[in-house]
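Report on the following structure.
Should a chain be cited, it is by its letter among A, B, C and D, assigned in written order, with residues numbered from 1 in that chain.
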């Protein structure tokens, strides 16, 4: 079954790298595996992980989402503007924020599906749009997140790392979606769109749903970031657009669609996050962090491409 | 050219939309008819326009350059830094050389490492941003270089030098992309890479030249900006990253490559600058302004930049 | 009683009528052959039936009901639900998903809303064996050879237990064994009272399987014939409107005489995983064929000689060793290549006829002394000459290649090499999916080129073509040349026999 | 300036080691860095906040962990850390008041603001808006947002200006913005209307140059000694001094009259010249 081994090669490679990073990390920070460190780290990584999940979904359809950062900010803004104290208040605000980001994603998807515009330029134009909407919802940093929620999330809740739990739940949700017909159709549309259409798959519906799901996970990332920081900031999402692409690519998701696994994206996000943190411990100037990020990206993708490419002259 | 061919030519559309928008601006907004306003618009459009011409070269071969923003900053910062020690001429040369090197590195990554253009240029952009932080220790310098000062701020017969430079670059670009052999190769690559390889298109050379030219133009834009403001900063290129791509697309060039005309990008850059200026002239909140800009771009793309369905 | 009826259907694209008043019907338990030259409108008619297109006028009825009416538009989705399945020459598989996933593409069986892989595999197996395919259902579809992928398509078409199966050039990538498997399925369906519409350019297959044949020409139905009431010549006459006696040009006159010096000698050519020990002598004036079943390494030999595959072995040109590591080197040495996959590798289909024809010759049209500026005048002259001599039918040189018929596309893919004055021409499946009239033209062109001193190497899955066209055929089996047929030995029987040597199954 | 002070305090034995972290505009990154500092048990964290709200939880945790956290320049909203800054609303008020007086309470102006959605620009505008509300005859014809960066600011101003060439003054929130506005007027050879400013040397130089031509301005500063005060406050707090939670440093005022003391003709454009604050003033501010 070399076929299956080949399919898991990149995941195994990422796992090995991650193990190396974790061991190094553990030596520099022995509290790595304590509940409080896990809570803190997972709170820190959650937005990037979920943003990368969203980006992965879009990339699986063969697209790319340049409006991810603004939509993340939008979700955050709607959440902090509407969040009231108490469980119902928070849940209502979450639902509203997610509804808005799902709608934003679905709007992107509808433009891609019906307008015949390439995803990259639809989402490029949409990035201006959603930035504007965010600024209307939340003109300056502020808003309100119940203090109890913030501390439970960041410091642990009866010893449970809520952010880690949230990531696990989100990924389980994806796993479920992945095994539905829609999940398979998503891969089919990404792998051969015309073929999928000719086989009776409603490719437009699949795309709109896919972008909608991406909106959902982007919104969750925004809410996570809001709870982590206890407030909203209309500009905070911007770096996530390119970072999420970097993570997805690191996880082996192809720009051409139809190829890649979510667990690889997860590993990519953890790897990139831990590596950056590691630099903070080693005392190397943080200026080198960007260089490291760029080099890791190039090396990882180049190794994968060169290892798997057809042997042409 | 027949009427049907004109209707199908999206670059012509871009100029049409630009003309209509401009007329509408003159009719319905204050001050857009004056000579000084026109002059200022074309001057400010030049910065974006120069970057966008470079971007067109790579988009046409189905690539994309996400490192242009970093190269704009790189060129300005390096020039300012070097000029303070070794004089303006050295600064300019070193800055342009550094830009070209970035372009060559990008192309090398695509050709020999087979990376997708988005990944490679994103990565070089990130690395440059980091390298600039280290190089300047976080605080880049300012510099007054007479040549750049004149280039950015001077004018001849009422036309800003920056605009003259832009148009000259556009003319060179038209030759490179539409008249020269290399341009044909770029179009071929943009349409189908396997067919191009099998037709003997020199893929490495074409890629190297086009990406180097793109980076060089981003570097030129950085220098003009340095001359315009007299200062360099690490983020001075960021507005040009997405706007240069938007200009290319609004100019009717297909983001998938192989279709469009470089002159359309000139219209695209002007159109974007004009729209931004129009929105600035209206007293809207920044949020509404962004929403309007986003919607306008989407509407324009829907009007004439739709891709043909392959089905 | 009819299952499907097409009534007075018309359809235009961009003002060009491609179908005019087309009517025919398909009865239950019947196999209808739909024949006609390329561009006659067969694919368009089929697209109307499968929901990829809607007609401008006329009606399509399936099971008595009009399909293009009502609130919901007819679509592949609805067609499939109604019991219409189709297999096309162009694959609709997703290369990245498993065979099992592909077999149920778009109609995955679920339990509790979820798709279980174990179910998929279990349910895919019988379907795969029904089409004679022995592969692990978990293999990625993209890893299978082309013919096997085509059979996966067929298995996929059978999933919904279709009442009407459409086979559109579905056998063109298959070898004889695989074709037999397909026909077995067709017979089963017919026996079960289901219907089949088949489109193929291989006349033999058509007569082997159809009950009736409807002939399309220039978008109109010219005749529908019972199989018993027609023969090969009759059909061809209907398709092209004239008799086709001289399908193949006469072969080179001096086969028996001492051949000229080979321009390219190949010794021990090997491509890892595909072929080994290949010896070939390509001689000016001669057309050499590479025969055998599908996928025996023929394609890789050509790709290696054109520098598209890494290879080892001794290649001499004019008696001197040469390296063919990239297509550019091959082209510089005077080699031209017309790949079987013309839409991705042979042509820039989104570009104009002009741009395609001039691309390999730009070095001459834009020399360094003109600062590499392409001379439009010379280019126009070159293109006009080629369009004229190859009789390429295009509205203008600016027309996009994808708008041309398959035959004209193939002519462009061939013509673009001529100005580079190649000494060796490599062609893979030069007439796949091309109508009879154009086939004939291409055969004659190839012979003319050979007569003018070119060495031609052709691979083909069509034995008749190899026998009719080539001076010599090297038969490949599992990556090696197992037989060489020249002169009187070169017959269809010998060729087929050599192709299956080493196989347990004997040819019937 | 901060480095000098660090060196001084090191020789006095009050600071053992000192590290700089740069988040490069990424707030999530800044949070990660502060976490790392907490884990490495720094005694003092000085922070120039990338977001006015996003850092609140992590900084509060740092305080809870016993670290002395002093926030300077761009301030956060939590009251649990020591904040050293200026009153941005007052900044806007001061500039707007000067402009209103200059125009005699009447005229058309363009407002040049910093990037939308950032507290500093929103606060400065809040102060200015309060003032302008009192003068119904002052009409804000265009309200422009741009980065605190010359090139985009110049483009934004030029756009607004070409639509409204008859303005009587410019309210500007920052030095680069003021410089961009003034530069545009000079380049286009237009009347030099009053423009509010900041101690951005490029602007000060141009102001000094055009003063003779009748250009008038006012400028204030976000003094770079805020960092020094922050450091001194932190060291004092570790040393047991009762440092106030909020240290509001008074805004300096640069006018046509005292411009010469500030402008530094020999220094680059992007420096922010300021008169140093005497040590006794600092001590007073930090409650020594």
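In this text, a contact is a pair of C-beta atoms (placed from the backbone, for glycine too) under 8 Å apart; a residue touches a chain by one contact, two chains touch by 3 or more.
What you see is a predicted model; the values in this text were computed from it and never measured.
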item: Farthest chain (mean CA position) relative to chain B; value: C
item: Length of the line joining the C-alpha centres of chain B and chain D, rounded to whole Å; value: 33
item: Distance from chain B to chain A - Cα centre to Cα centre, in angstrom; value: 30
item: Chain A-chain C separation of Cα centroids, rounded to whole Å; value: 43
item: Multi-partner residues of chain B (at least 2 other chains); value: 129, 133, 138, 285-287, 289, 311
item: Multi-partner residues of chain C (at least 2 other chains); value: 52, 308
item: Residues of chain A whose C-beta touches two or more other chains; value: 134-135, 139, 194, 197, 285, 287, 290
item: Every chain pair in contact, whichever chains are involved; value: A-B, A-C, A-D, B-C, B-D
item: Residue ranges of chain B in contact with chain C within the complex; value: 5, 175, 179-182, 184-185, 187-188, 191-192, 194-202, 258-259, 311
item: Residue ranges of chain D touching chain B (in the complex, touch as defined); value: 22, 24-25, 116-117, 140-145, 147, 149-152, 154-156, 158-160, 162-165, 180, 184, 187-188, 202, 268-270
item: Interface residues, chain A side, partner chain D - complex; value: 29, 31, 37, 40, 44, 47-48, 134-135, 138-143, 150-151, 154-155, 225, 228-236, 239, 276-277, 280-281, 283, 285-287, 290
item: Partner chain A, residues of chain D touching it in the complex; value: 19-29, 31-33, 35-36, 39-40, 51-58, 61, 77, 115-119, 122
item: Residues on chain B engaged by chain A in the complex (per definition of touch); value: 64, 66, 109, 113-116, 118-120, 122-127, 129-131, 133-134, 138, 242, 245-246, 249, 255-256, 285-295, 297-298, 301-302, 305-311
